[in-house]
Amino acid sequence: MQQTLKKKAANLEERIVKIILIIMALASVFSIGLIGFFLFKEGLPFVWNYGITNFLFGTTWNPTNQIYGIFPMIIGTVLVTILAIVIGAPIGIAVAVFLAEVAPARLTRIIKPMVDLLAGIPSVVYGLFGIVVIRSMIRSLAHGPLGEYLPGTYQTGYSVLAGGIILAIMILPTIITISADAIRAVPKEYKEAALGLGSTDWQSVYSVVVPAAKSGIITSIILGTGRALGETMAIIMVAGNTVQIPEFGWQGIFAPVRTLTGNVALEMGYAGPEHRQALFATGIVLFIFIMILNSITLALVKKEH
Amino acid sequence: ACGQDTDEEVNGDDPVEEEVEDNGAAEEEPEADGLEGTITMAGSTSVQPLSEELAAAFMSIHPDARLEVSGGGSGAGITAAQDNAADLGAVSREVADDETGIDVHTIAIDGIAIIVHPDNPVADLSIEQIQAIFSGGIVNWSEVGGDDEDIVVVSREEGSGTRGAFEDIVMGEEELVATAIIQNSGGSLRESVAADPNGIGYVSLGGLNDTVKGLQVDSVDPTAENVLAGDYTVSRPFNYVSNDSEPLSELAQAFLDFVLSGEGQNVVEEQGFIKVN
Amino acid sequence: MSKVKRNQIIAYSLLSLAAALTVTILLAIVFYIMSRGLAMINLAFLLEEPRRMGAEGGIYPAILGTVYLVGVTLLLATPIGVGTAIYLNEYIREGLFKKVIRFTTEALAGIPSIVFGLFGFIFFVILLRDITGGWSIISGSLTGVMMILPVVIRASEEALRNVPNPLREGSLALGTTRWYTIKKIVLPLAFPGILTSLILSIGRVVGETAAFLLTLGGSLLIPRTLFDGSRTLSLHLYMVAMETGNMDMAFGTGAVLIILIIIINFLAGALFKRLIKRFS
Amino acid sequence: MTEQTNKSIKIEVNQLDFFYDQKQALNKISLEIPEQEVFALIGPSGCGKSTFLRTLNRLNDLIHKTSLKGKIKIDGDDIYHSSIDVVQLRKSVGMVFQKPNPFPFSIYDNVAYGPRANGIKKREQLNAIVEKCLRQAALWDEVKDRLDDSGTSLSGGQQQRLCIARVMAVEPDIILMDEPTSALDPLATLKVEELIHELKQNYTIVIVTHNMEQAARVSDKTAFFLDGVVVEVGETDQIFTNPKMKETEDYITGKFG
Amino acid sequence: MTEQTNKSIKIEVNQLDFFYDQKQALNKISLEIPEQEVFALIGPSGCGKSTFLRTLNRLNDLIHKTSLKGKIKIDGDDIYHSSIDVVQLRKSVGMVFQKPNPFPFSIYDNVAYGPRANGIKKREQLNAIVEKCLRQAALWDEVKDRLDDSGTSLSGGQQQRLCIARVMAVEPDIILMDEPTSALDPLATLKVEELIHELKQNYTIVIVTHNMEQAARVSDKTAFFLDGVVVEVGETDQIFTNPKMKETEDYITGKFG
């Protein structure tokens, strides 16, 4: 029965497999390295030559005349994203609380697949719905009752509002799913303790359960922000793509705007090498926005543990 | 300046129609020529519908050939040819002097129609009025004889050939008004104007349909005949461009020859554009 | 009624309202697209080639393009993604390397798809065009692989983590190698979970447009090889809507897409239930 | 069944049955719990002690598919009667759990939670309540300089006393404690036991414990549960020194459980 | 420390220290485990019994941030030496876990798993091994007509015996058992104990148990662990009837643990 415990020269398979797996594991590192490399290689020299402030804070975008200011697009991106969050986050969190704390299990089982479906619908379908339905609705509002308060170019329906609404719908599933998970993960002892102190169910949810799920809920909002920031097709279809800084005030939400993503997708038929570099530089700005958001999420997750 | 150039070319070559019919009949047995492979074309969305028709006609003669047509805008057509990303780039404007490294083949002439909503009472604008509208000088339809409504300018994206030609011919030194809505293809621009009674935009003559109204420019209707006659001045060439450091593939050359042949030019005419030879 | 009770009733009504609103939005979108799109769908629509840039005819090449793109993307992403997950979960422990991979997959997951498109265009379409054929299914797929890799990795890791540790120890303690244990015990048990993740990634590929706008080329022809340009249904919808303005065709394509997504979600859901059952 | 005491009866339980779905967890429980005493529930794991405790503040209502028969009266009111406001009931019947479960807020906010839910907003008033309750819970001296620290940053024993202070801030008459010291070390246990001693001046306390010595130390009366049934109930001294039932004796001498 | 026996030493442990990250779980353990005997490890929860057992087949290698000092020799080979093939080691040192962990395959495939991993593919050969091992594990009669049923469909006791059969199919010399009966009812426990008795004819068995009576019943030698240290080791009879150390006596008479 005595077997030798000495290593066999064989076991080649184990070693080969391990090497293959390492190579695979490196693929994603390699991917992001490549993406970063090309993005920066194409875009960075341009930003350098053109000047960071001129690029980031210039208000004119006119590639024909070699003017590349993306400030209006940064503003456009920020406005549309904020609007999406302002509309989407409260609704999403409310639905999450509803699903995790209020709805009977049977209802949850019905609504959950619907939320998943909302997440699965392609963005161009949202865009199509956006131009045909939402844009027309906004147009009849902006051109009708609000007509006298708005300049003509704000009455087309192509607007921050149309983009914000579509994006709000698109980020709902992200916010709902992640928030609901976070709320469900709150130990039920908290709720019992609150109820034991004579809180109503709502008081316990509102003042204990939701605050305890705070970091998960914030994470969901940040991820939703990332999604909104990165969305391209739906936004090109409904936002109007005008390179301008909207008027300050409520009228601004009816202004057509261009987003950073929209700029890249629209002008991929760029006219020249410098123009192309400017688009890559736009990509870098987007990339950095996303990285900042990612880092915030990571920091939050870390704090959690 | 470019408008004139093209007019001359167009005037030069009319009498080919008979030959075309013959050619078509002669090439009924397609297997023999052995042309096969794939060529890709990219660029102008205005040229795209025409390219598709030309490609379809070509492929019906050479079933083993494959012509992939995609859009992207004229700028993309030029860079695709420069980068060798496509065999042929489509450009719906004059190729500029600084766009080097490419050979240019003009395949058709197209007019650019200034379009408004069908309900818009305005039917005729002068070049100066159009320029003023697109540069923000005129902002209300009542200033040009229409209703008292703000004008909504819809334009194409940077890199569009249609926009480039439009700016060359109409805008001169003026800049496009900053508030213009931007659409990135002729089709979406037309839809956008069709959906807005106060909108104004511009598309290829071939992209005109009855969802929008093509305005008279200086009282001339936007038709191929008027372009051909030189009366409708907002016109531009459709070009195919190719990389000049590498020779065209056999297939691409055959396609280009086909396009410029009588039969190809017939297709050009059927699609509502103007023949070049 | 006491004030707190009233507050509770108001609050819960608002929450229900939010849920009702969400459901209404979904149904409105689905019904609207379907009501305009279903009328378009018939055999000819599904099996014919498009004419006039898609303004007429059918969507057959786009269906084929979608199938090819999804197929190739998954074929490439599955081994890489699952392999990465296996390596992360079964071979290495918390440490710098794992953190680096975690961070990069997170970062990849966050990159906007248009940036993938930009990259894919420069790298696969232009730089590697002699290999990829320029605008082609391969170029699109390689770009798609980068996009869905994080999804596949994360979900596979989750599935692997769900395999009870005693089974792993049981196998290793019998004197089997790590890889044998993974092959015979871990992977079979994680299979439904991994499959679920793959099906969900199909959804991601089917729904993506921006990245493919710049890498697939958008040819309307029936793709014959993987080195041909093509378009997916989503891309077709976008191009038809934006380039031809024929909204009916776009809605028809949209209806096909929604039906496809419903099927995909249903399959994933069914598999997920099986997974839950297996481990409880 | 219980012996006569000079104290008045605070809680009266009559023929109580309790079911989780099909499974019967309590079987014809009848008990009288006198005011301002400590009443201990002992018995082996799974015998129904926690279940019984949670029927007293209707916390079991939260569990899906439970049902209850019989009557529980507190101060003469049937607490399962439809006219009863559960929220009010839970205010007057506080509960301390096995695992200390402070909210993930500051110490101050933990104690102020109940009063705030009752609409008290004034800072001075809250300050006063927080200080009073923390003093009562014998925690004030240890935390008075760090009221803004998170409740979860305290040690286990401190956390449990914080939970007791939190309960006292809603001014209950009765405090239910479900193995309040089982997660604590001996020293912390001692502190909590001392506190229980103090509290019975003002509150009626029902405590579940696994620890025989603890029951003997802190309680006035003890009930021995077995399989959902009350086997024996009486003065704690008597139960531990001279149990009437064989099962009780077996249990307290460690023969099973 | 151990007494002389006539059997030869199978496992020799010398000054073994083991750490989970910073935490030391084993402290200078020295033991000699003779061949073809049952060696029991007893001690209170958390004293390091499982940790020790798992150092013997290097299963602890799988845990993050562990470190080990000292030597373990099996048949004279240092099993932590770099020339050792861990896979071979684990083949010759089988392990049975506290909770039965049959693979979610058929009974047949569970037993055939190890032989197959070793490259045995022939059906007849596998059939023979499966039958032999199931017989040895005293399970054959109960399962011979349902070899295709899932291993998880068996009762707890049957599952544990299946796991033992599974181990025997790889022909180890040593079998480690970590509280193999703690998840089983008394009857199933009895069956497994009988089996252990049989097995020691052919195997060296190291068994961890919480159950004093079990240790007394099945083992030849016993080591008493406390806080990572071996307090006492010797003939089982002696340990249980006449322990030398105060701590051992306290433990086996139930004073703590």
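For clarity, chains are labelled A, B, C, D and E in written order, and residue numbers in each chain start from 1.
Convention: a residue touches a chain if its C-beta (ideal position, glycine included) is under 8 Å from a C-beta of that chain, and two chains touch if they have at least 3 such contacts.
Computed from a prediction, not measured in an experiment: that's the story for all the values here.
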item: Chains touching both subunit B and subunit C, listed by label; value: A
item: C-alpha-based rotation, subunit D on subunit E, 0 to 180 degrees, nearest 5; value: 175
item: Chain pair, most C-beta pairs within the contact cut-off; value: A-C
item: Whole-Å separation of chain centres (CA-atom averages), subunit D against subunit E; value: 45
item: For subunit B paired with subunit D, centre-to-centre distance based on mean C-alpha positions, whole Å; value: 85
item: Subunit A-subunit C separation of Cα centroids, rounded to whole Å; value: 17
item: Inter-centroid spacing, subunit E versus subunit A (mean Cα positions, whole Å); value: 54
item: Two or more partner chains touched - positions in subunit D; value: 87, 117
item: Residues of subunit B whose C-beta touches two or more other chains; value: 71, 183-184, 191
item: Numbers and ranges of subunit C residues touching at least 2 other chains; value: 4-5, 177, 241-242, 247
item: Subunit D - residues contacting subunit A, complex; value: 57, 59, 62, 87-92, 94-95, 97, 99, 101, 103-105, 113-114, 116-118, 163, 166-167, 170
item: Subunit A residues within the subunit C interface of the complex; value: 11, 13-14, 17-18, 20-22, 24-29, 31-32, 34-35, 38-39, 42, 90-91, 94-95, 97-99, 102-103, 111, 113-118, 120-129, 131-133, 169, 172, 176, 200-203, 206, 226, 229-233, 237, 261, 264-265, 268, 279-280, 283, 286-287, 290-291, 293-294, 297-298
item: Subunit B-facing residues of subunit A, complex; value: 60-64, 131, 135-136, 139, 151-153, 155-158, 236, 240-244, 256, 258, 265-273, 275-276
item: Subunit A contact footprint on subunit B (complex, rising order); value: 43, 71-79, 98-99, 139-140, 149-153, 157-160, 164, 167, 175, 178-184, 191-192, 195-196, 198-199
item: Interface residues, subunit C side, partner subunit E - complex; value: 93-94, 164, 166-167, 169-177, 180, 184-185, 189, 278
